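Report on the following structure.
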Amino acid sequence: MAEARASADAAHRLMVRVYWEDTDAGGIVYYANYLRFAERARSELVRLAGLDQAALLCDHGIAFAVRRCEIDYRAPARLDDLLCVVTRVERLGGASIAMRQEIFRDETPIVGLLVDLVSVNRDLQPVRLPPEVRATLAQWQAGDRPAATAPAA
Amino acid sequence: MAEARASADAAHRLMVRVYWEDTDAGGIVYYANYLRFAERARSELVRLAGLDQAALLCDHGIAFAVRRCEIDYRAPARLDDLLCVVTRVERLGGASIAMRQEIFRDETPIVGLLVDLVSVNRDLQPVRLPPEVRATLAQWQAGDRPAATAPAA
Amino acid sequence: MAEARASADAAHRLMVRVYWEDTDAGGIVYYANYLRFAERARSELVRLAGLDQAALLCDHGIAFAVRRCEIDYRAPARLDDLLCVVTRVERLGGASIAMRQEIFRDETPIVGLLVDLVSVNRDLQPVRLPPEVRATLAQWQAGDRPAATAPAA
Amino acid sequence: MAEARASADAAHRLMVRVYWEDTDAGGIVYYANYLRFAERARSELVRLAGLDQAALLCDHGIAFAVRRCEIDYRAPARLDDLLCVVTRVERLGGASIAMRQEIFRDETPIVGLLVDLVSVNRDLQPVRLPPEVRATLAQWQAGDRPAATAPAA
């Protein structure tokens, strides 16, 4: 759960360890499991932005649903690897969010993802992002902040 | 989803194929995944008994929660194995059900489970099994039906 | 594991039941789990084509690795849903296979996938598809067979 | 991956966050997933003991296989919960290790596990624990160290 907000490039970073549960008989991480890692990173980004997904769902009936996902598998990860999931908000629409995520082992790119999310109500119908959610997510948007900004704790 | 009700011994049988998702880097089925197989079998037993878990949850707010589980790992299963999950209702209490499950590959015992379930409401508090649920589950109880009944195909 | 080869359109079909393990607290199937369903379907297509993945891996050191995946989430699936995964071979290259997969609940499209696979050796380097593997996969290629062929049962 | 070795009681602690992937349509953590949390904790204990599971498997062909598992589900965990997995080595035999694991949310006991492991070779046959592995695991054994020992960092 180590994470940091690198303010210069507005990217969120989450470290993820590869456990037995993540691997398959090929000795590498099973292809669907990178989507689990990516979702953990998005959840932590949202949490770090001060948003509480459980409360959003419970109190406002709002959740983030994935509409589309593109995944490029560049190199395999293996048992015990320590991966870094780098997440950036690429685009913020009325009810939609596009995030770009890159998973690295040290400097080696493992998997790249482009994820289109939409905020939905309990009936899974799109609803506009509440302004405060929008504002907090905007800070993770690439290029939205001066490179000189001091790094956050 | 091939299944059959062998009436002589009141056991439910579900065939389960081992896919890449089920295995780990050791080349065998990951130990937690047998609990997924076992739950699929219990769900199919309940469905075959004419019960609808989604409706039970939605309309009556009743679900089956696992309280305790004992698992014996006897032999490993591997990619592409075709397993048979044999489920018997061992004991029916007011709000509780004990099920014994054995997972085989052909005649080889792979995993044995003893699962204690309790019927709970939305607040996860125990509630008595509705009489009709109890009655339908009782037919899967070992010894509840005459041994002379011809075995199903 | 019900499946059929609809020869007219050369599509493979696998029925998949949604169990508790597949859902999340939003009440719908967790987004990564459709990739598990899709992989089961590809494995069954390969098996039906007479290929044995475990033997391919064990004897020839060949496996199919996913290089890229595009997923469109069209509608949510829920607990107990019975889904149909329809798989077609879209393109066969020297070492690569592109498959198009559509997941339906009855007539409702749930998820669409475009999956690029590559045949790799134990070091995960691309290796040419063995001719017999190529030939067997070709029969699942859309448009490769006369439309007049009678549909299989 | 926050963890600490509380030397006074020789217990290993791993913090685990509950993500969407861990929950099911009942709104709680799916019962099999606690076994994933427990295995992560055992892997981290082993890593902290200076053992490298990937190297053990690769170089010595030794892995730890679960032979038996008892799980008591005491209270449900939910999305976003931060859980603590407390692991103790309960018994060290020639080739066997018994571990007791308790999963808490703050002071609330969520799940208790008793896990019997055995060290196996590539053919999954039991092999004696190498003396250095035994020695490093012994330090996590309850009661094996004086209560006065200063806590590790």
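Chains here go by letter, A, B, C and D, matching the order in which they are written, and residues are numbered from 1 within each.
Going forward, a residue touches a chain if its C-beta (ideal position, glycine included) is under 8 Å from a C-beta of that chain, and two chains touch if they have at least 3 such contacts.
Everything numeric here is computed off the predicted structure, so don't read it as measured data.
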item: Between A-B and B-C, the pair joined by more C-beta contacts; value: B-C
item: Repeated interface matching C-D, over half of the contact pairs identical, chosen among A-B, A-D or B-D; value: A-B
item: Chain centre separation (subunit B, subunit C; CA means) in Å; value: 28
item: Distance between the centres, which are taken as Cα means, of subunit B and subunit A, whole angstrom; value: 36
item: Multi-partner residues of subunit B (each touching 2 or more other chains); value: 20-21, 25-26, 28, 32, 36, 39, 57, 78-79
item: Subunit A residues touching subunit C - in the complex, by the definition given at the top; value: 25-26, 28, 31-33, 35-36, 39, 57, 63, 65-73, 76, 124
item: Complex contact set, residues of subunit B against subunit C; value: 1-2, 15, 17, 19-21, 36, 39-40, 43-44, 47, 52-54, 57, 78-80
item: Of subunit D, residues touching subunit C in the complex; value: 20-21, 23-28, 30, 32, 78-79
